[in-house]
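Next come the structures, one after another.
Shared between the two complexes below is chain A, which pairs with chain B and chain C, respectively.
Our next item is the complex of A and B:
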């Protein structure tokens, strides 16, 4: 071996070494607006990504308080996953403007809009902004339908592979495994809720619509007259009447919603207020998407059984 | 989090919090001397009421129209305050009228926002503002505007100062006090409306009143009070922004907190050091 070949070999070895070091250190930096999207990103990304959620699990995804760390996180992100359909309209755009990161710009490959490819429910037929609500592009709370989660997961996998082609095979494998597990769990969840087909529930916000239609439940009323509009006495009176007539027994309230309003209605109707949360991490031992769905299905089934 | 990113994130909030409060501190001194402290809070609340009127009409918070509607409503408030001020000893103190205005404006905001989507959150937003996400353009516009208004107040400082500290003498000298008072409040309204939009009611009030009170506690002459006020505002801004970044706290509320802290420090300093005669 002459000197030149030795140098060449050493150089190649060094480059290879640097390459592996870089790829193990440089995991894809993923930011999700909400914890449920972050949970899906972890399913698909596995060890190749580092995921941060902007909203806390107990925070209303429509309204998140801006903090300096949000801008820093967005500034360094390789990929941003947002719910879309104006879910984050009230807080994400100014943060993005401050973060100035072209990798996650509105048309960049690093931008994943979860609502793309989802068959949206409740798209308003008339558009009148002055009387509008926070769901003016349709209902953005679709992730608690496992079939929607599959669509979003596939979307995430595509973008991850684009942003990080080196790990594309891993993302594909993780996606396939996720799809298979969803299919298996969906049968279990449907089984758990099958006895309550047609049961009527009341929610504070229109945030269980997709869940209800997947599992054959009916959202009879919401305590908000329109998404984002605070409950008014006249509307609550109407809800109480409807609940009595239909014998609805359960009112679902999330951590950031006004429980006292639900209690007032419950007192009038003899229904029970059920504390429930949609975001992974809002309850103990609910870090993954599957934990969260298990928790929600079990909690609701218990409540509907009258337990 | 390295220094480069910290600078990128915090530079425009920092610019807003260092360049704009000096004029607020100056206005605050007038308000303190007039003993109508809550005029600040009341006008800020009236400005917010104006914003809510625009929101209810379907305009967005960032629309230019929203600014003009808010300003128009605040001018009405300013006219009302200058009209209600009187040199004669009245049965009804002006502080009472200001308090009532504040409460009615605050209730009006709640009533209007109950008809706006996400009103409850919008309410909190209007109160605490969004100084963290302030943009270069917003800061630039306000620096120009505040510069012009600062020149206006500077040019007529003697008249404004006389009306604020000795209205009886101003009347006696034959000054058109009502007119000057309206000019004072009208310019004040512009300042409040444009600052409330980026900083919220709480931070606006804090910048108006805390530096001025610190100035009055430590000094006698206008210029000395102003310098103390400016220093207080600058230190409170720097501390508040630093705390917000380091501890990841809501930025506006953090600065209001450090303003309170500064007031406590200055109050201790003022009691320890007997005030020199003017």
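Our next item is the complex of A and C:
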């Protein structure tokens, strides 16, 4: 390579660098591990933030590939929102190690741990993996309880204001409006599900515990015998028996769970398989947190009504 | 900070176990029962300042070659007909302070004779807050050359080490004491440039100033020495990755390892490598399945052997010559359905003729189909067949079973 070519290449590289830096300087760059957290970040951040989710809406948040492109995203983030409670334990730590971004370090204002301040369910008293892949900090699927969403949203607003004080007023206003909307919608959702208080539902994984407790439903059984363990014929036989005895009529399945197993059980119990999703974007026309909750509540209410 | 969630029965780590018991008992004082809603006590979390993990591999199998170690050259490969425990690891890691993370990996293994060996495989500091996207690693660690060399045996997709890595980096892989500086480039796609500077002297710097290197060229060991900074082992690497589509990722790397060897003064070894990794996983994967991945690594070595007396017979004078070796492996994995993976690996290695004939440099081809069942993320059972053609010796067939279990801290997966 001659000297002139080298200079040209260096110039091009510098321009490229400057371009990358300038284009994204204006808005707060927010990375959320999952789309539901990203949806909350958009509610609070509005036009002042640019939000990226690492996991796809159809992807199991426990089993995301730690892709190199995620390292780049995390490296340039101003704020990272993680679910916490070991939800991302299998894939986030090596990404953070490579991202070398102190703005989102574990104690930095740019790090939001959603589980902080949540009253966690199912915290194990003894640690024993023969009971499955139980999270030592409790069940991490708390965001489908709208009151948990309020806690997380407040947490996000506080961190946004710290990371970007110039827009603090906007974040506070957005949070207030979000809280009001949640309160209004919660009354609607509770109304929709009120006729089915005490209804027994079956889920694939232990991921509807908070939802059931909020809306007065009972999770009768899970198709997984233990968290993270594949359904066995013996366990399914027991589930079928329990469902028949209790007249349980719905099985909730998310996009990354085995629908065929659920169908087999449904055929033998006369129950319905409900395609449901806790992540906005996983089902059609569910962009926001409210869309997703609306979809979930409406679908479930319709099914429980026998429609 | 992750919390350890199980008990290891390691008497050698009695102190660690004591710390662990404290961590386990503390939550009991808060007496939560499953289903109740209560925050864990802060003391329970604070009891542990590190993650502890213990991984064990148990191999069992048979080969048509009675001298299994002549076939299975890796230190963590199955090495006898029957049962072997080629690798157990005690891993400790955690944040040291706001500036460093610390990692260490202590390996306990049983050799062919059933004798226990202990080695400090890795112990290093990693910076967490250097400016300008820089990161420094300092200590003893697997050299970041290519894709598989830095991986621990429990994350390998096959029972044994690829032949080409074995030839270039020896039975234990390339690792040494030193430092590695890495820079995450501000490019739109992932690009990381690394520079490793390590000791070239030691048992695990095969191809350089290692006591084991004479097998390559038959020379005497002149007493490894480092006289100038030029005698260090220099390992540059650059790696990039692209998202081809939402479901397909490609990673491409180029590495080199440059340093002196022990065949004589000013004799040097240069190893160059390229590696590529492709992975497809659909948008709605179930526990990460199905998937297809392809990993290929190719390496070439240029070994300058100085004029020297043959080790076994001083009357034989081996000439000054350059030994050239090359090889590659490609491994295709298909995650058929949750927790079942089928794999196929091809190994090809060859070396130019030299005045000292070493079996470590002859042509060889190996084909290894396998299937692995992961009952959970914490255990696996693998069955592998090796069709092994050592061109100068003949064909061998081997069947190996591998069992693995993991206790303690949840292992996170790198891409």
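Everything below uses one rule, namely that the second predicted complex is superposed on the first by the 277 of 307 C-alpha atoms of A that agree within 3 Å, B and C clash if a C-alpha of one lies under 4 Å from a C-alpha of the other, contacts with A are read in each partner's own complex, and residues count from 1 in each chain.
One rule holds in what follows: a residue touches a chain if its C-beta (ideal position, glycine included) is under 8 Å from a C-beta of that chain, and two chains touch if they have at least 3 such contacts.
Please read all numbers here as calculations on a predicted model, not as lab measurements.
Answer with clash or fit: chain B and chain C placed together on chain A by superposition.
Once both complexes are aligned on chain A, chain B and chain C clash.
Considering only touches as defined above, state whether A:227 meets chain B (first), chain C (second), both or neither.
In the superposition, A:227 contacts chain B only.
Just to be sure I read the superposition right, which of the two partners does A:121 touch: chain B = first, chain C = second, or both, or neither?
The answer is second: A:121 touches chain C but not chain B.
With both complexes overlaid on chain A, does A:179 touch chain B (first), chain C (second), both or neither?
neither
If we overlay the two complexes on their shared chain A, which of chain B and chain C does A:154 touch? Say first, second, both or neither.
After superposing on A, A:154 lies clear of both chain B and chain C.
Which of the two, chain B or chain C, is in touch with more residues of chain A?
Between chain B and chain C, C touches the greater number of residues in chain A.
With both complexes overlaid on chain A, does A:242 touch chain B (first), chain C (second), both or neither?
Touch status of A:242: no partner.
Who does A:255 touch here: chain B (first), chain C (second), both, or neither?
Second partner only, chain C.
With the two structures fitted on A, what stretch of chain C runs into chain B, 79-87, 115-123, 223-231 or 313-321?
Comparing the options 79-87, 115-123, 223-231 or 313-321, the clashing one for chain C against chain B is 79-87.
Go through chain A and flag every residue that touches chain B in one model and chain C in the other.
60, 62-63, 65-69, 71-72, 75, 90, 94, 97-98, 100, 129, 133, 228-230
So in the complex, which bits of chain C are touching chain A?
Per the stated touch rule, the residues are 1-6, 24, 27-28, 31-40, 95, 98, 101, 126, 128-130, 133-135, 184, 186-190, 192, 239, 241-243, 246, 249, 251, 279, 281, 283-288, 338-339, 376-378, 410-415.
Going by the contact rule set out above, which residues of chain A touch chain B in the complex?
60, 62-63, 65-69, 71-72, 75-76, 90, 94-95, 97-98, 100, 129-134, 226-230, 232
Which of the residues in chain A end up touching chain C in this complex?
So the residues of chain A touching chain C come out as 16-17, 20-21, 56, 58-60, 62-63, 65-69, 71-72, 75, 86, 89-94, 97-100, 102, 105-107, 119-129, 133, 136-138, 228-230, 255-258.
Which residues of chain B touch chain A in the complex?
On the chain B side, the touching residues are 1, 5-6, 8-10, 12, 56-58, 114-121, 130, 132-133, 135, 244-245, 248-251.
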